[in-house]
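By letter and in written order, the chains are A, B, C and D; residue numbering begins at 1 in each of them.
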Amino acid sequence: MPEATILLIIASIVNALVLSSMYILLALGFTFLFNIMGILNFAHGAIYMIGAYICFFLATAVGMNQWLAMLIAVAAVGLFGIFMERFAFRPFFGNINQIIVVCIGIITVLENGVSVSQGFIVQVTPPFVQGIFRVGIVSISWERVVIFLIGISLLVLVLLFINKTKQGLQMRAVAQDLEGAVLQGINVHFVSALACVIACALAALAGSLMGSYLSLTPYMGQDIMIKVLEILVLGGIGSINGVLFAGLIVGTLDAVLPIMVSGTATQAIMMLIIIIILLFKPQGLFGKEVRG
Amino acid sequence: MKKISYPLVLTSILLASFLVFMSLAGCTKTATTTAATTTTTTTTTVQPIKTYTVGLLAELTGFLGSYNTATVNEAQIAVDMVNENGGVIVGGQNYNLKLVVEDGQSTLDGTTAAANKLIFNDNVKIIIGPDAYFNSAVSGLCEQNKILHIAGYCTMQPGEMDATTTYTFLGQAASINYFTGALAYLKANYPNVKTVALAMPDDGSIPYFGAAVQKMVQAAGYTVAGSIIGYNNSAVDFSPYAAKIIATGADAVICCSGIALPNGSILKDVRDAGSNMLFVICNSTIPTDNIKVAGTTESTNVVDCSAAYIGCPNPSAILTEMIQRYQLLVGNSNAPLVTLEYANPIWELGHVLNQANSFDPAVLKNTFSNMTSIQTLYGPGTISGLKTFGINQAVSYQLPITTITNGVPTFQTWEPALVP
Amino acid sequence: MILEISGLTKNFGGLAAVSGMNITVNDGEVLGLIGPNGAGKSTLFNLITGVIQPTKGTVVFKGKDITGKRPHVIAELGIGRTFQLNPLFPNFTVLQNVISSFQIRPRSNLFDTFFNTPVYRKNEAYILEQSLEILQLVGLYKVRNELAKNQPHGYQKMLGVARALAIKPELLLLDEPIAGMNPDEIDNTIEAIKRTSQLGVTIILVEHNMKILEICNRVVVINFGQKIVEGTPQEIKENPEVIKAYLGSGHDTQH
Amino acid sequence: MVVKGSMIAAPNSNTHRKNLIPAIGYGAVICLLACLPLIFKSPYILHLFILTLIYIIAAASMRFIMTSGQIPLAHAAFLGLGAYVSAVLSKHVGLSPWLALIIAALVSMCVGIAISFPFARLKAFYYAMISLFFGVGLLQGIESLGKLTGGLAGITSIPTLFSTGSKVPYYYVFLALTIISLAILYRFESCRIGWNLKAIDQSYLVSSSVGISEVKYRVIAVAIGCFFVGLAGGMYANYNVTISPSSFDTTAKLWMIIYVAIGGTNDFAGPIIGTAVLFLIPQYFSGLKQYTPFVSAAVLFAVIFAFRDGLVSIPRLIRTRYQRKKVKVQTDDS
């Protein structure tokens, strides 16, 4: 086997891992919100984009410390989550059509708002960490390593939150049986608002990180959204652990397919694979019960 | 059992149609006013100056939105500059140019609708733009209705520009220009490059532009490593493509067309993956943008054939003025120009109108295609393109070549990026 | 003998909801199927009507093996059923509920239906008149034009029966027809069931309310997915095992 | 989905009078629509009307599928499929555009049937998601066919239905096609087929217990819906001369369901009104250039928060309000 091929294979494996962790990072907030609260946030991509732009703005225009900027972006977008819960999700809970309408409205406003206000300058948040990390013939930029680590650790944190903390348990209670939860004296609105805050914060975090890895465009959220939905359905509804494996599958496909087929065909093949998987496991890989 | 409440539904249908009626009545009103008319304005010149309306087709919303909003600003500046130099003189009468802008929404059918609006609603006889492959929606329409069409860009896809679209001109350097410029420089200054890999966005242009590029590369005596690598413009991560490029084992990679995001990302990923191969970027996006995306440490050993940018010696006084006005407009003293993709055609149009001394598109197109040299914002340009497009209607002019080392762009030379 | 269940078993992940059930139902009788909560009565119904597939065993209806057939096929063969929970189309009116339950006899093909041929119109007219009759039978005629979801619980249950009758069943499975009803609703329901069985329809009742026994010719008591005893209502009332089985269990509706 | 009206014409005399009012109404609307080219001479405005007609067919067919409780997020992709099939047939194969139109509709229907057999097992949310994925995949697949479909740049200079450049014949032909399609869809919905679809939507368990085959009727719904959306796609391609994937992408898919939802999913007239309003209002404000999208967003929010059952619910709301005023007795109910 020629050396080039071996390099290609190794590179693909590395890419698959890193890309998967990126997708896990992206999908975490969305899947969390849907699996735990049964809320389908179609505007996740737009929120991710807003988070990226806020972080960019603070880090470059204001000249703030990068990590601080990220934290502020996360906080700000988290607050936006309360707004989302109150005006987008609570009034239309369970009606997918109306949720789509509201979310499209929000997406339109956010994307065009950014597009109009920012004007055309290629915008990139400066990298959080510099340099390249070499092991033998494999070499990755530290940025990607950081994204990888953050993605995985966030997943663990969210799992801990759901299973160990009081709020996490309350969320699951609300999701499983609303009336029961109310009878138990759980403040349902508080719980769901909390869930939305967490979800949006996670989206913003992903946005800030990816914004430094890729460049920012007002429409960066659109393609992300499809990926996120793929991961949600593939992972199975009602299972956060599913995200890990779904993310791995989608990431690997995205890392390997472009090497075999060119350009847009990758997406088609990918969808085909995903649909086939779902036809054999309609509940997704780790799905428990159907909701929504 | 009650029948469906159709009377009520019908009232709402009527209501809706009434609303539509009103709205479109509004449209017609605007149409009559904005049609190419004669509103007199008083200026320094002796006789009153009439205004002549020119249509500008831009993608103001959608994924090209922010970009084209900027280029439309440039176009407006160009119009002001033409008017301040006395406008255009046709039949001894001075005319000020006036732009009517329509939005193509970054979709082909949106662009078709906008073109329809310009032609049938705003009654313009000259259309500038649109961007990228959206020309394919306009060229045919203009041919049908005998409208002069000066495209702002061209990706060489069918319907954009060929022997059948005689009313269509390419008024601005397109992907083919940037490529020829880069190739010529590469040939002259990098003798040790033998094999090159080709990468370009897989937006359907590979069978056309890609094929042409491949031929030209081989004609220049290079061997193309592997097939053309088509990347997905909207990919989240470009490292797979980078891996693919490195795996070809070529001495250099040429990224044809495409925008800053994919090109910069691929550059970054190629470097991160540990390869230091020569990286040639030939597209309108300026070097500083590519550096922004790729990062300073990663952007090294790069040759970039691009539009004019801050730091390259200005080819003409007009361009200097253009830059100053643009910076004034956006209120940023060192904002780079975008690409002039609409400003350049307008500037040329002024030249052509003066030469032709008529507003008749048929006359204009003959004059335009028979001009040996034309005045562009980049200085004198030539008209060619018979070999590439089948018609001699593409304007080409000198383009700046830049090398980048450790994130520092260094201007090298002006290449006469001729369209064969 | 209209229905014969032999060795019917259903396991939900290890534990057996129904195991080795053998029941035979004779023509025109009213068979009571009683047992405490979670005894597997509803599961048995779902097995008969093909909503869930049995692990093993067979269901034979009129000498025809219907084990594991799709629910709508079984319905076509003439087994009607009602449901414990939300037994109707909530957004149809009561009459529409019954009309739209006429799928099999008469059935007009797509062509007739679309082109509104005389055949289709004849069928629909017939269906309308039949539906009104059925509503008379179950005593819902006066509320026929009101939305089903706005009806009281008892009416909804009766509507369930009416819908089941609309497919002209030879065998009718009633899943807790009187659960959660008030006394006079119960009396009406029992009246209606009696009238129905007089039309020659074989009926199987699931109930864990002993009161229903008085209209049954025969009663089967099941617990933990198995048949405990079988006999006339009188025998059952005295049977010590039944008493025992019932002591532990409350009388609220099943899951 | 709330269901109104009767499945059969109740055989009492005054239904004739009942049916008369809508009949007159229809006549009025059709006359109005037929007169439009005489009112508006501008080809551009006719262009807008023609596109509206096409989208109305698409939206109405989408709603028809939705009556069975399936949310076909792939519908815009089917519009694209129809458009591409008829474009390829009439341009590359050289069939007559009219024939291509019909074939496009049939192909779209066949694909719809083919996918709806495996998908019929899936319940609401999963169906929506998988059809979304299928739509994306289908579009990307079409896009990646290289020279045949011209990738992202799409197909240009598609043979047109009429040689004349005027848009008036298009308007009348498409108006006729739209009316026919809507009539057929309305017939399907008001006969037993439509009722069975609504029954399945309300409870597939109950409907199967009375002998309604869920799979059969879901497939029927998808087949009919896809046929008409394919037809609309073919009309679009042969009228618009140029098509590209970006016209049918994810955003388009979601906008399509918005046309339906804003108009109102519960009523046949919903998608018609929704499309007319949502497609034409932004056109009216197109003078705002890059600020136009905010207008459509504003319309969305206004409608969804004011009348969540869509625009068709306005008259009903007004009426109930009026009745409340009249009858002060039951103010506490509702």
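Here, a contact is a pair of C-beta atoms (placed from the backbone, for glycine too) under 8 Å apart; a residue touches a chain by one contact, two chains touch by 3 or more.
In this text the structure is predicted, and so the values were computed from the model without any measurement.
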Most contacted chain pair (by C-beta pair count): B-D
Greatest separation from chain A - chain, by CA centre: C
Where chain A and chain B are represented by their mean Cα positions, the distance between them in whole Å: 35
Centre distance in Å when chain B and chain C are each reduced to the mean of their C-alpha atoms: 72
Distance from chain D to chain A - Cα centre to Cα centre, in angstrom: 32
Where chain C touches two or more other chains at once, by residue number: 96
Multi-partner residues of chain D (each touching 2 or more other chains): 6, 10, 143-144, 151-152, 290, 293
Two or more partner chains touched - positions in chain B: 1, 61, 65, 69, 202, 206
Of all residues in chain A, those that touch chain B in their complex: 4-5, 7-8, 11-12, 15, 18-19, 22-23, 112, 115-116, 118-124, 127, 130-132, 134, 137, 139-141, 144, 210, 214-215, 217-219, 222-224, 227, 254-259, 262-264, 266-267
Of chain B, residues touching chain D in the complex: 1-14, 16-17, 19-21, 23-24, 26-28, 30-31, 60-62, 65, 69, 101-103, 106-110, 112-113, 116-117, 119-121, 133, 136-137, 140-141, 144-145, 155, 157-160, 202-207
Chain D-facing residues of chain C, complex: 49, 51, 70-72, 75-76, 80-81, 83, 86-92, 96, 99-104, 108, 110, 113-114, 116, 120-121, 124-125, 127-128, 163-164, 166-167
Chain A-touching residues of chain B, taken from the complex the two chains share: 61, 63, 65-71, 201-202, 206, 227-232, 234-237, 239-241, 243-244, 246-249, 260-261, 264-265, 268, 271-274, 285, 289, 292-293, 295, 297, 330, 335, 338
Residues of chain D touching chain C in the complex: 1-3, 6-8, 10-11, 187-188, 191-193, 195-196, 198-199, 202-203, 205-214, 220
